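By letter and in written order, the chains are A, B, C and D; residue numbering begins at 1 in each of them.
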Amino acid sequence: MDIAVVRDLLDKQLVDREGEALGRVDGIIMAYSADAPPRITHFELGAQTLARRLPRPFRGALSALARRLTPRGDDPYRIEVGRIVQLGRTIKIDIDGTRSAARKTELWIRDHVIAHIPGS
Amino acid sequence: MRNINVELLLDREVKDASGRRAGRIEEVRARKEGDEIIVEAYHLGPEALLERLAAPVFRLSLFRALGLHKHAHGRRVRWDQLDLSDPERPVLRCTVDELQKLVR
Amino acid sequence: MKKVLEITLGIVTSIGGFLEVGSLATSVQAGAAFGFQLIWAIVLGTICLIFLVEMSGRLAAVSKQTLAGAMRDRFGYPFFLIPLVAMSALGLLVLASELGGLSLALQLLTGISFPWWAPLGAFAAWLLLWKGTFGIIEKGASLLGLITLVFVYAAFRMHPAWSLVASGIRPSMPKHESMHYWFIAVSIMGASIAPYLLYFYSAGAVEDKWNETDVAVNRVSATLGMSFGGLLSIAVLIVAALVFVPRGIRIERFDQIALMLTPVMGRAGFVVFACALGIACFGAMLEIALSVAYMAAQGFGWKWSEDARPRDAARFSLVYTATLVGGCLIVVIGVDPLAITLLSMALTAALLPVAIVPFLILMNDAHFVGQHRNGWFSNTVVCAIVGLAFVLAVVSIPLELLGS
Amino acid sequence: MLTRWRVSCAALMLSFVGCGGKSAAERVAEHERARVSWEQTARFVGAEWVARAIPDAFVARTLARAHEELQSEAEALRKDELSEQQRALLRDSLGAARALGDSLARAVGASDRRAAAQLVDNSPRANADSLLRRAALR
C-alpha cells in the first residue's frame, strides 16, 4: 500500500482501541541509515514536538513553556507504527488509551483542575 | 542508524554536491508492508507542495486558464539518492539533472 | 415528515440564534446614521453566511470531520495555528462585547447599576456549559431567542416606506461622512458573517452524527434560517432609522439603543428590548466560548463533547472556562462596550480571509467532500464577498481609528 | 522595486492623513451634530419618562450620561481652532442643551411629570424634515 507520509499520516487524529481520542500525530520518527531504505518507526505526540515545528522566533519560548506546563518524563510520547490497526481519516491504534501516557496531560488537568470544581 | 523527525525535514532545501538547488522537501512517499512502513522517495518543489496542500486549486478552471499550473514543478528523489547524515542540510548523492521530474 | 420537522427546527434555531450584540449594534448604528442606505451590507453579509454555513454543515455531514479538525489535517499544524490564534483572540473580544450587552440588559431590567453583572453573567454561562448538554444549549437558547422577532413586529408597526427600504438593497456611495459609512458597512459584514459560527455549526453537526442524507436538509434549513435571520437584522435597522434619524440622535452609547422600541410599544417595548438583548447576548456567549474550545480540542486531537461530563473532556472544558474568564476580564477592565463591539466586528471582517480561504480549499477537495464539492457559483460568491469585506476593512479601520 | 513600494506606501499614508484634516465648516457641523444628538437624547428620554415608558433609574443614568457627553463636547470645542464668533455660538447652544438635561434630571428626581412635560414641550425639536431628507428617508 502506497502512503504519502505527510498527507496521510502527519497531523491525523489518533484513536485507541475503543475509538477514544488520543491526540494527533504531532511528529513522525524515521530510522535512517545510509545503506538501507529508511523506515517510519514511531508517531510522536506532545507539546515539545509541536513547539519544535514552529518558526524559529517562537520555538524556544514555547518549548520552554511546554516543558514547564506538561507532566515530566513522557513528553514527547511515542507510539510504534506496528500498532496501527487502521489507516484512514482517523488512525486507529491498538493500545489501551485509559492507561496510555498520551493521556497524561488530559488526566493531569482532570485530577488537578477540573476535579476540584464542583459538578465536574 | 539514527532517528530523524520527518516533520522537521519539511521545507528543507536540498542541494546537490556542487551546491545546485534541487528544491524543498514537501512530501515523503512510503509503502506499507505488514507492520513496516518503508520510505521509497522524497518529493521536492512547489509541485509536491501543491500536491499536498492545494490539489483542488488545480481543478479550478481559472487557475488553468491563467496557465499557472505549468509553472509548478517538482522532483522525485529516490531514498538512495538523498544523504541525510546531516538532516539540517540534506545533500543529493547525484546531480540535480539525474532526478526524475514530477509530472501531472 | 421527519425531514420537515428537522428543517423547521433548523430554521427556528437559526432565527433565534441570529441576532447578537454585534449584528444589533451595527444595524442600529447604520440605521441611525444613514437611514436605509446600508441595508445592502446586511444582504451581502447574509448571502455569504448562507453559503458558508451550508458548506460547514456539508463538510461535517460528508467527511464526518469538523472544520477545525479538517484544517489541521489538510494544512498541517503550523498553518492551523494562524486561524486558531486569530479566531481565539477575536472570540475573546466578541465575547467581551456580548458580555457588555448582557450586563446592560440586566441593568435595564433591574435598574441596578452594578459592576458585577459581567462576572455574574459569565458565571451563569459557564454553569450552563458545565452542566448542560449541546441540545439544551442550542435549542433552548434559540427558542428563547425567538423573542427577537419583536423587531420585525416593530418594523411593520412603524410603516416604513417600503420602496425606500427596497432602494437600500442596492449598494450606493455615501453622501456624507464617507469614512464612517464604510466602517459601519464593514462592521455589519463582520457581524453577519461571524466565522466562529461556522466552527460551532460543524461541531454541532458532527456531535449530532449527520451523514450524506442530511446534505439536502442542511441546504434548505441553512438557506431559509439564515435568510430569515438576515431579515431580522434589516428589521432592527429599519426601526433604528425611523426612531433615531428624525430626532437627530447618533448612537454613541449602548444606553441610547434601549429606547428604540418604546415609541411603538411603550413600557412593554423597554422590557422586551432588554429581554431580547439579554437572551441574544447570552446565547451568543455560549456559542463563542464553545467555538473556541471546539477549535482547540479538535485541532489538537483532544476528546471533545459538550454532552460529556467535564471530567471526561478535561482540556476541552478548561478551554471554554478560560475563554469565559478572559472575556470577563476585558469587560471588568472597563472598555466602552459599544466601541469594542464595533471594533471587533470590523476586525472580524479584516480577518475573514484567514478563516475562509483555507475553508474554501477544503470544500473543493474531493479527498474530503467527494462528489459534494463546491460548484463555481458558491466559490465565486464567497470569494467576492469576503474579498470585498477584507478590502473595505483594511482601508476603513485605520481611517476610523485615525479619525476618532 | 523596493523603493517604488516605499514611495507608494508613503503616498497612501499621506492620503490617509490628508483625509484626517477637516475644514472649519466640517468641524462646526460635527460639533453641532454631537450637540443635537445628546440634546435630543435627553429630550427623548424625558418624553418617554413623562409617558411612563421607562423606569426612573434608566432616565437618571441616561441624563447623567448626556451631561457627561455634552461636557466633554464643550471641552473638545475649547481646544478646536475656530473663529471666536463660531465658538461662542456653539458654546451657547451647548450650554442650553446641558441646562435642558439638568432641569429634566431635577424634574425626574422630584417625580414632577408636569414640569418634565413642560420642559420637553418648550425645548427645541430636531429638524426632522431636513434630517429625514439627509438620510434619504423622505
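Quick note on the criterion: a contact is a pair of C-beta atoms (placed from the backbone, for glycine too) under 8 Å apart; a residue touches a chain by one contact, two chains touch by 3 or more.
Keep in mind it's a predicted model, so treat the numbers as computed, not measured.
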> Between subunit A and subunit D, which partner chains are common?
Replying inline: C
> Which chain pair is joined by more contacting C-beta pairs, A-C or C-D?
Replying inline: C-D
> Quick one: subunit B and subunit C, Cα centre-to-centre, how many Å?
Replying inline: 42
>> So the centre of each chain is just the mean of its C-alpha atoms; given that, what is the distance between subunit C and subunit D in Å?
In response: 30
> subunit A to subunit C: how many Å between their CA centres?
Replying inline: 34
> How big is the gap, in whole Å, between where the Cα atoms of subunit A centre and where those of subunit B centre?
Replying inline: 25
>> If a residue has to touch 2 or more other chains to count, which residues of subunit B qualify?
In response: 10
>> Using the touch definition from the top, which residues of subunit D touch two or more other chains?
In response: none
> Among the residues of subunit C, which are close enough to touch at least two other chains?
Replying inline: 76
> Hey, which residues of subunit D end up touching subunit C in the complex?
Replying inline: 16-17, 19-20, 33-34, 36-37, 40-41, 43-45, 48, 51-58, 61-62, 65, 69, 126-128, 131-132, 134-137
> In their shared complex, at which residues does subunit B touch subunit A?
Replying inline: 1-8, 10, 26-32, 35-40, 51-52, 79-80, 83-85, 87
> For subunit C, which residues count as touching subunit A in their complex?
Replying inline: 63-65, 69, 72-73, 76-78, 80-81, 130-131, 299-304, 309-311, 314-315, 317-318
>> For the complex, give me every residue of subunit C touching subunit D.
In response: 33-37, 108, 111-113, 161, 164, 167, 175-176, 179, 241-242, 245-250, 252-253, 255-256, 258-259, 262-263, 266-267, 269-270, 398-399, 402-403
>> For a test of understanding, state which residues of subunit A touch subunit B in their complex under the given definition.
In response: 1-7, 10, 26-34, 37-41, 44, 49, 52-53, 81-82, 84, 87
